[in-house]
Amino acid sequence: MIWQLDLIILVLVIVCAIAAINVKDLLSAAILLSAYSFMLCLLWAVMGAVDVAFTEATVGAGVSTVFCVAAVFHTTRRTKD
Amino acid sequence: MLNTFPAIIIVVPLLAALLIAGISFIDRRACFPIGVAALLISFAGAVAMLVNVVSTGVAMEYRFGGWAGPMGIVYVIDHLSALVLVVITGIALVNLVSSRQTIIDELKEKDGAFVALYLLFTAGLVGMTATGDAFNLYVLLEITSLSGYALIGLGSERAPLASLKYLFLGTIGATFYLVGVGYLYIATGSLNMVDLATIIPGLMDSGVILFAFIFCMTGLFVKMAMFPVHGWLPGAYSEASSPAAGLIAPLTTKVMIYILIRICLSVFSVEYVFANLDVGQIMVWLAIATIVFGSVSALAQTNYRRMLTYIIIAEVGYMVGGFFLGNKMGMSGAMLHIVNDAVMTLCLFMVAGIVVNRMKTDDRDGFKGLFRSMPFTMAGFVLAALSIIGVPPTCGFFSKWYLILGGVAAGNYWFVAALIFSSLVNAVLFFRLFEIAYFEPFGDDHHGESPGAGAVGIKEAPMIMLLPFLAVSFLLIVLGVYSGRIVTNIIYFAIPGGII
Amino acid sequence: MKILGRVTVILCGLLLLVYVGEFPDFADPQSPASTHVSPYYIQNALEDTAVPNLVTAILADYRGYDTMFEATVIFTAGLACFFLMRLPKKEERVVFYRHRATGVTLRIDDCGAVPKDTQAFHRIDSQWVPRDLIIRSTTRLLIPFVQIYALYVLAHGHHSPGGGFQAGVVLGASIILLAISQDLRSAISKIKEKTLGILSSLGVLIYAGTGFLCLLLGESFLDYGALASLLGTDRVMARSHGILIVEVGVAMAVMSVLIWIYYNLSSAGKQDEGL
Amino acid sequence: MRGYNMDLLNLIAAKANYWTYIILMMVGFYALIAKNNLVKKIVGMTIFQTAVLLFYVSMSTKKGGTIPILHHGETTSLDPGHVSALVNVADYVNPLPHVLMLTAIVVGVATLGVALSLAIKVYKTYGTLEEDEINLQLRNG
């Protein structure tokens, strides 16, 4: 577990999270959430939690994003804040 | 056979819910009977366990998967949890039977899914009360919350918004509890409550255990709608359909308070909570704020069910304040009030269900002239109102009496003042309703019926709604009369030795 | 409201950060979490359940009761989405039809019964997109292999990372890929909502039913050792087979629930025009 | 001087996971409280739940521990009773938090599904997802 790699992934995770919160368009928020989940999946794999990484990749990045996009499809992409 | 009951009372509703959800796609007539049968078995099992625990005096233990102690998940049924189990399964059974007509009318094709969610909600509550594993309690908390969000979400026109607000705050509460369990696990390395209780006394001064306590308490306070974080409760319970409100309102907050008591007593020991942290005083002040806030804002409501939700918030203040007084009277008052308040709230929400079913409105002036047109319902309503106010023959008085004695014994007179103030406000609330129901003529604004035309036709609720309701209102008196026996035989065993 | 939110968040954050020092430092093998209960799992899992993958052993056997309620959580979510979203079937307000030969599109408002299987017209969604050949052919190639991979993950849950949940999600994702690449109605024609409802409750029933069977055989609930007499093997192998049965049930439940939620979410309950 | 900032870096690296968990939790918590758009709150809720995952998994790591799957090599002899002596606990990462986190991920998806369906229903009745516009309609609606 090379701690430099660990730090880079942690910084990327935080950047993705803050971006997913502050971006104005809901569809890109959903995509950023998916990127955030992929970074987390990478973090689990680096830390040795392979089952959690597998689940996070399929569930967090895959299915959650599809649900978010489907929901945005039926509501608006526009947000005020 | 008896030692498998801790598993049966939770697995039977779960299997029935799965069966009903599957069968509801084939033919929906079979759904309701299976649901009632499953709750009946669960109720019978809970009563049998209560009798066994009280007679033998020994807590029942059940190991899932055959693994002992910290390795596997263990259920522990002691005196208080057996009593709360009987209350949960009993109320769920009575409410399901009495709301059969409303389910058929309001939820046409979805009644199979409704009964399945109803059973999942009850199974979640039963599991939470009986579990001896901290993480298992989180999973069951999530099942209860998810089925609760769905049951509330399909109600009036504003129900989805109220349910979404409930979901946000509920998720914050559940995740805080999960973080609290994480802090416990990182400090002790175990998830089993009994195992935690043996390790924690050795780590009394570690900050991680302190934060575990703070997180668990905050999570539970959010889930039981204590004063600062109660925003979700008024909207959620008043917008839900009446069968859903009849199930969720009486049970959720009471089981959360039971879990608070179980965590404070059997995980963080009494010495930790009251001596080491000395957190009792702050919590009682929080409870006083909850009682005053709940009672005052109940005065401002014109909608009957919304008024009830604020009374529920005030009752949460009673129980939390009673428990954190830290003496025997206060704790037994809080534990007895869990049982009494659940039955009282069920009674009042059944009145709301009957009035909405008959008058199609749960606003206050829906009660106009109901004394003449629905005498039996109003009789039960008067009993329930007297019990909430705290008039002797009914059970509400006795638990309030123990709480007041506890407040006096602990020398916390502000708490006693808040209790009395809340009882007076309840009196004002309900006598205002009696005045509307009794004196104002029956249909002066209902088109068609001429006002005051001699004997207005008695339009009582359908028999299937009325009989369970009258049984529950009679139970209020029975509980009141036997409250002394309940306390001495069951509740005094649930209070640990260290409390005077 | 925003300032209040920022203040509380920064306050809580600082308070938590201060107490991070109290944690046992990051990856030391002597931390209480790694020395109290988990050594038993690491040493005895293979001996008790003959399953090298410790996570699957704990997931389905030591804490199998937890996982049963986890499957119930996903089942409750599927039921809740159906309960909240599903609209009654008969609301058919606006329907679009396209004449195959001339390409003329007809918009019919609250029409009666239109002959379904005419060759002349075919029904299209309101947001109809011309079928993209590349997407259709690649997904038609991709989906079978995704499903085979999911079955591989399910079967190898004992020896390699993976198991019931992951297999169920991948299976669900393959059908959702079908629904996205073509259109929702073709996916619904392949897997109807009724089969999804029955399959999801059946999956969790397999899990809870196996546990109940162990109860009926006299052992405690979810104690797969009781299946030894049925499966004709010794108790350790019976536990390993019990874990496999349970994983199959969970995979079935998770797959059908995810597709069910997708059907309801992407068509907002009407289940005719999707994403 | 080099030695000094090396162990300072190790100190930061050692606790970096817990700091990230707290920062993520606060980001999600802030979005849940202060954001105006309902779907933005749902995104914040997802981040709030996944932060707890980071806390649990970073609790389970061990220095020099491999993934929690017992190698076949040292345990070919499957006869019970003899195997447990061979397995060295320090070689494997603590598997219990991984099991708990599988549950937490599944709970996260379940809550997300229900929240999104409720958000669609709210949008259907009020025509907007902004909290202040909805409150405006409630007040004079």
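Observations on the model:
Note that the chains are named A, B, C and D in the order they appear, and that numbering of residues resets to 1 at the start of each chain.
In this section, contacts are C-beta pairs under 8 Å (C-beta built on N, C-alpha and C of every residue); 3 or more make two chains touch, one makes a residue touch a chain.
Source: prediction; values computed, not measured.
When the interfaces B-D and A-D are ranked by how many C-beta pairs touch across them, A-D comes first. Chain centres here are Cα averages; for subunit B and subunit C they lie 32 Å apart.
One finds 11 Å separating the Cα centroids of subunit A and subunit D.
Each chain gets a centre from the mean of its Cα atoms; for subunit C and subunit D, those two points are 19 Å apart. Touching two or more other chains at once are residues 135, 139, 142, 146, 149-150, 153, 160, 185-186, 191 of subunit B.
Within subunit C, contacts with two or more other chains are made by residues 16, 23, 27, 31, 33-34, 37-38, 41, 53, 55, 63, 66, 70, 73, 76-77, 80, 84, 161, 165, 261, 265, 268.
Of all residues in subunit D, those touching 2 or more other chains are 13, 16-17, 23, 25, 29-30, 58-61, 65, 67-69, 96-98, 102-103, 106-107, 109-111, 113-114, 116-121, listed in ascending order. Chain pairs that touch one another: A-C, A-D, B-C, B-D, C-D. In the complex of the two chains, the subunit B residues touching subunit C come out as 4, 7-8, 11, 14-15, 18-19, 21-22, 24-26, 62-67, 70-73, 108-110, 113-114, 116-117, 120, 123, 127, 133, 135-136, 139-140, 142-143, 146-147, 149-150, 153-154, 160, 185-191, 199, 206-208, 211. Contact residues of subunit C toward subunit B in the complex are 16, 19, 22-24, 31-38, 40-41, 61-66, 69-70, 72-73, 75-77, 79-80, 82-84, 86, 88, 194, 197-198, 200-202, 204-205, 208-209, 211-212, 215, 219-225.
Interface residues of subunit D facing subunit A in the complex, by the touch rule stated above, are 10, 13, 16-17, 20, 23-24, 27-28, 30-31, 35-37, 39-40, 42-44, 46-47, 50, 53-54, 57-58, 60-61, 65-69, 93, 97-98, 101-102, 105-106, 108-109, 112-113, 116-117, 119-120, 123, 128-130. Partner subunit C is touched in their complex by these residues of subunit A: 1, 50-51, 53-55, 58-59, 62-63, 66-67, 69-71, 73-74.
For subunit D in complex with subunit C, the touching residues are 13-19, 22-23, 25-26, 29-30, 33-34, 58-65, 67-72, 75, 78, 80-81, 83-84, 87, 89-90, 92, 94-99, 102-103, 106-107, 109-111, 113-114, 116-118, 120-121, 124.
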